Amino acid sequence: MTDGIELLAGFLAAAVRVATPLLLAATGETISERGGVINLGIEGSMLAGALAAAIGSSAGGPWSGLAAALIAGATLAAVFALVSVHAGADQIIAGTAITLGAVGLTGAVYRAYYGTAGAGLSIPTLAPVEVPVLAEIPLLGAALFAQPLTTYFAVALVPATWWYLFRTRGGLALRAAGESADGARAAGVRVRATRTLAVVAGGALAGLAGATLVLAQVGTFSERMTAGRGFIAIAIVVLGRWHPGGVLVAALFFGAATALQFVFQASGTAVPYQLFLMLPYVLALLGLAGAVGRVRAPRDLGRPERAS
Amino acid sequence: MNARPGRGRVVAPLLIVAASLAGLAGVLAIAGYDPVLALGALWRGSLGSFDAFASGTLVRATPLILIALGFALALRGGMLNIGAEGQFLAGAMAAAWLGVHLAGWPSLLAIPATWVVAFAAGLIWVVVPVVLRVRYGVLEVISTLLLNFVAEALVSFMVQGPLQERSGIYPQSDPIADAARLPLLPGTRLHLGIVLAILLAAALWFYFSRTLGGFRLLAVGTGPRAAAITGRIDVTRTAALALLVSGGIAGLAGAAEVGGVAYALYPNLSPGYGFTAIAVALLARLHPGAIIVTGVLFGALETGAGAMQRDAGIPAVIVYVVEAVIILALLLADARRTARSPAVAGAA
Amino acid sequence: DRPAPDSSSSFRVALITPGSIADAAWNSGAYAGLLRIRDSLGASVSHVEALTPAAQEEALRSYAAQGFDIIFANGFEFQEPAERVARTYPDAVFVVNSGSRAAGKVIPLVFRIEEATYLAGMVAGGLSRSGIIGFVGGVELPPVRRGERGWTNGARAVNPAIASRVTYLNNWEDAASGREAALALLRLGADMLHHNADAAALGAFQAVKETEGAYIFGANADQSSLAPDRVVGSAVIDLAHAFLLVAREVRGGTLRSEAKSFGLAGDVLRFVPNPRLAGVVPAALSARVRAAADSIASGRLDPLRGEEPGP
Amino acid sequence: MIPPALQLRNIHKRYGSTTALAGAALAVEWGETHALLGENGAGKSTLLRIAGGLERADGGPIEVGGGRAVIRSPRDARRLGIGMVHQHPTSIPSLTVAENIALTAGWRVQPREIRGRVLELSGALGLPIDPDSYAGRLPIALKQRLEILKALAARARILLLDEPTAVLAPLEAEELLRVLTGFAGVGNAVVIVTHKLREALSAASRVTVLRHGAVTLVGNSDTETPDSVSRAMLGGAGRPEPSATRSDARTSEPPAIRLQALDVARDGRYGIALRGAALSVLPGEIVGIAAVEGAGQRELMRAVAGLIEPLRGVLEVRQPVAFVPEDRTTEGLILPLSLAENMVLGMGEQAPGVAGALVSWKAASAATADLIARFGMTAAGPEAQAGTLSGGNQQKLVLARALARNPKVIVAENPTRGLDVAAAAEVHRRLREAAAGGTAVLFHSSDLDELLALSDRLVVASGGVLREPERRDRDLVGRMMIGAA
């Protein structure tokens, strides 16, 4: 009985762990897509953030790692913004190229910095922080209130993003830019500047997501370690309907599906493991279909502002 | 301007590409590599000799061109199919499945048969996104993307399970029958797939530019409301059909890769052709003829990248950076021609 | 430290890897082998990453056409393309790591990793308190599966009631997934882990470090340094050494057209205990492991079938 | 002397080979309402867009309040107190009315607060609007109203309006002009573009007339007459006489449109828009539908055009039917496509150049060039994008295309919206011509005068019910429209 509860608690904690980097990246992508820019380069920003976190933390501790990750993620996103927002080039290709470049760049820098031996498990990490009292709650306590700081930050970001998007002038301008670049411009919004900021902020959060993998989870870096999480974050944005709250739910859902996948495999069934590997994606598809009503993207998503 | 096939100039883009290559040479030199050697290898390994061109560049270009053609077809109708990777794998699975059973068939039947099943498999792989889009309004961008991951897992399952080779040890299928293998250009690795790609490009070019159906597809993609009200076009049906066929074409690419290159199903059949092909199609502004050119360009880039590693000792990771810079440069050059892209035209 | 084509040497060796050479195991080991051949034999060397069948055959052909003497191809998937290319270029030697059969100058290298993992499994079976052991695999490839089979059989040899759990990640890079997979195994009671997941396994080491009473066994290289208090030992393949042996034979003209297989009998494959944890392993268990090693080396024990060593 | 509120001098603007403005000028004093007139394509919108920061002139100085002004963006314009109401609404469809206003005005985004401020503003101006509606869902008249509210909320002192009354019913238009003159009267400035000359001369104190991008007349509205103005617009040709001939309904033939006990659901929403409708239109007959927004006229037109499946009842329409939709920019045309392509879009298999499944774009272009010439459209050519046409020329394209099909039935929503006087007269002539050739015409117009002038028979739609007035009487019809008779 208590065993069952412990397992459940462990499962919930795993779901939250898996969800955290996805939530960070997806929240960032929500901001950028609300502004009308779809950034497939966040996979690259995440990877760059992961490496920057590793190097930063090796050099100056976890906090330096976090700062370095933010900067690295934002820098790649800035390059992306330069090409796609300012030059008006295609966002899908630009994002793919940024990710490809990030794979190469992180690989080269990693090899140069850590040599052939790699980083091992030498990187200083962020210890989980227990929230007093709350962490004692049975079942949920350990899952939700004994997590690394990045998790709390990711969750706190959800209402903050909501507030920004729906309760501030900047957020309104951002949404306007995403819905109709022409309309926003006519209303006095500086569309390119607005979009650039959103993309860079999104990239910084993706960098932080990468840092979470390194500093709050594995304590090391490996090439291509983000393994497509950036693309999954983009799926989560859609699943969450471009809404911070929805994105939170979708990220947790995805985290839970993935955690469940591992539990299934580890409990040793005869079912081919590949079916479990498909599970999160199939569930996400079902979730998309089951979500009540129609999903609508920001109208000008993917369209550069016309040069005037 | 819009999703129209482009009528842009070529000179400025070429200048930008040249400038960025010069910049690259500088960066390589700073990083301690011999830029002349590196760029020389890039050239020699891709376009510098007939063998490199035929056996390397064109072989790599074939799946890119095919997938890009399908992508262009769908996007012309406003559907953004970023799941070609999955459809490609579906086609490859089907072609391998049939291909191993065709011993004794005449090639004239065996090859078309694998193409038909692969087309069907790719098409079936997009049925779910189409139904989700039509019935539930789920954006095909996302459903096709998610299905890529499912396809990967499915291939992994197939090569360990139903399609695994006879000895049951290796995660790959049995080799397909000789009859199902595509004929090669003698002395090279260039296979019949390139002919398929060129014929399909010609057919799509004709369809896009000379037929009412091709125009109506464009209308659906650029102005769905006007297409429905003024053009009296069944917008949903038209777009759905385009997406289905684009899936089928990606499936064909899978068949060509199995029948012309790999001769068996392997899990690592695609290095992300589905994504590279998007760049191929968009840079070509969805124009079928231009897709052949951009497809060859990207094929050359990927083949040349190998040569840079082999012949100039440049590590793969640096080569990725080089590729990324070249793509971004092409993109910037291209963006100067026109300011608008159709990227998510079907989103609303 | 990179290979640059150096035409001064007449002995030319190439390596094709199906993935990054910074994977902390399979490909990095092969790359180390390439460098060792360069340094020991003065060969001029070249390397390329080739991820797909199209790129792989292209790489094989290019090297063969350029007259390389040996082309190491680091994976079973090169077997058939290598045979095809060898028909056109009969002079080159193609060494297919983990390949399936010898065919002319296409020579497979087979590492009987199960012989070492069997020993690791024995230790794990003896040390496990929960009676559950776990294995994290990258992609389900033949050597990975053989390693897991050896590991499980070894544990059963010591404790027939042991339960062995397996999780596959379907990639080699995702260390965070490696950690989650390990944590799930540990939550479900496993206390001894083993892996064959290259860089992704780093996450499993991290998970073990964080979990009280859990231990792990390294793979491919001596991984004790990753978690000195938690790594009981490693099933080591000295790929570099094997590469050097093969290269020497080619150079000396003594290489025969047959599969080259490496097991505990040679000095390529070993089970290397972590000296820091020597005290954890009871002497009796150590002795059994040593005896099993002898039986395997002398061919009396097949780790894939898991028969007890005869008296 | 007080410097003018807004002064543009010697403004030039070219688009490729098209000259939109060739030395145009405009001077507006504080306190005045200024009408900017000209035929379709004369350059009115372009001139306003330059003052509003949406386009940049190739040359020519702009002064605001006497000071030299650099206007690079709508943002700059707003800073200078210039507000603009565009020919086509620019509100953001998926934001609410309140959000759209807050965005333009730069208000803090507090839902309750902005809702209150919107209600206050709209109340004070006498332009009521629901702050919580999504802008995209508003009927076109309210969309227009929202544009004006946005400009005023942003505290514009100089208001530029591009055909704000084109989409309004006469009463709404009067109401709006009253608000605008009031706004100007308290020391602000208003520029209004319109094709309704009477309206211009009565509401504005001064007029400027453009022709081919240059000024042909600046005058006081007291001294100018519709005739003098239209001579300036058309280059001395004088005002076209509206023809008053009635068409001959062919009573011997069966009706081309027949509906009986027809129920139609509300377009895109729940509920029934049209109940038990009965109507017959004979070949050769022109029937006008008078209605205020939401009375069921939209559903009637679209059901007859075959775009909405009726719920029940009889609906017989002779084919082919040509439909002229109300919203030319999203329903009638695909703006990024060329004129030739838009022609093929509308005519389908019957388009010149189309043979079976094949299209010859050369032939289609030639036919489109012919259409451009016959309808006197100002366009760079058949390959020009529809989006580069002036509003009125876009409308001409939609009409020309519909007529070119030789349809048995024409269904038109506001067919002359945005057309200049001459062009509107030309359209009326062509519709009559079509009717004379046996085509049945069913049209709706928000302009009662147009309805009375063009239709052989008038039907009023009100509250989802169709009724025929006893007399063709402006007052009676007006009262029936709002359900007061």
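The chains carry the letters A, B, C and D, assigned in the order they are written, with residues numbered from 1 in each.
Following the convention adopted for this analysis, a residue touches a chain if its C-beta (ideal position, glycine included) is under 8 Å from a C-beta of that chain, and two chains touch if they have at least 3 such contacts.
Here the structure is a predicted model, which is why all the values come from computation and not from measurement.
K.L.:
Tell me the fewest steps from chain C to chain D, where a step is a jump to a chain it touches.
P.N.:
2
K.L.:
I want to compare two interfaces, A-D and A-B. Which one has more contacting C-beta pairs?
P.N.:
A-B
K.L.:
Specify the chain most distant from chain B by Cα centroid.
P.N.:
D
K.L.:
Can you compute the centre-to-centre distance for chain A and chain D, using the mean CA position of each chain? Integer Å is fine.
P.N.:
47
K.L.:
So what's the Cα centroid distance for chain A and chain B, whole Å?
P.N.:
Distance between chain centres: 28 Å.
K.L.:
Which integer distance in Å separates the CA centroid of chain A from that of chain C?
P.N.:
Distance between chain centres, rounded to whole Å: 34 Å.
K.L.:
Two or more other chains touching the same residue: where does that happen in chain A?
P.N.:
107, 111, 223, 274, 277, 296, 299 - these are the residues of chain A that touch more than one other chain.
K.L.:
Considering chain B alone, which of its residues make contact with at least two other chains?
P.N.:
Where chain B meets two or more other chains at a single residue, that happens at 153, 156, 160, 315-317.
K.L.:
Hunt down the residues of chain D that sit against at least two other chains at once, touch-wise.
P.N.:
Touching at least two other chains: none.
K.L.:
Going by the touch definition at the top, which pairs of chains touch each other?
P.N.:
A-B, A-C, A-D, B-C, B-D
K.L.:
Along chain A, where are the residues that touch chain B in the complex?
P.N.:
For this pair, the touching residues of chain A are 38, 79, 83, 87-94, 96-98, 100-108, 111, 223, 228, 231, 234-235, 238-239, 272, 274-275, 277-278, 280-282, 284-285, 288-289, 291, 294-299, 301-304, 306-307.
K.L.:
Which of the residues in chain B come into contact with chain C in the complex?
P.N.:
Where chain B meets chain C, its residues are 45, 51, 55-56, 59-60, 152-153, 156, 160, 167, 169-172, 175, 189, 257, 261-264, 266-271, 302-303, 306-307, 309-313, 315-317.
K.L.:
Of all residues in chain B, which touch chain A in the complex?
P.N.:
Going by the criterion above, the answer is residues 82, 128, 132, 135-139, 141-143, 145-147, 149-150, 153-154, 156-157, 160-161, 275-276, 278-279, 282-283, 315-325, 327-328, 331-332, 334-336, 339-341, 343-345, 347-348.
K.L.:
Which residues, counting only chain C, touch chain B once they are in their complex?
P.N.:
For chain C paired with chain B, touching residues are 2-5, 14, 18, 20-21, 46-55, 57-59, 61-63, 65-66, 76-77, 80, 100, 139-142, 170.
K.L.:
Enumerate the contact residues on chain A facing chain C in the complex.
P.N.:
Listed in rising order, the residues are 6-7, 10-11, 14, 17-18, 21, 107, 110-111, 116, 118, 120-121, 213, 217-227, 258-259, 262-263, 265-268, 273-274, 277.
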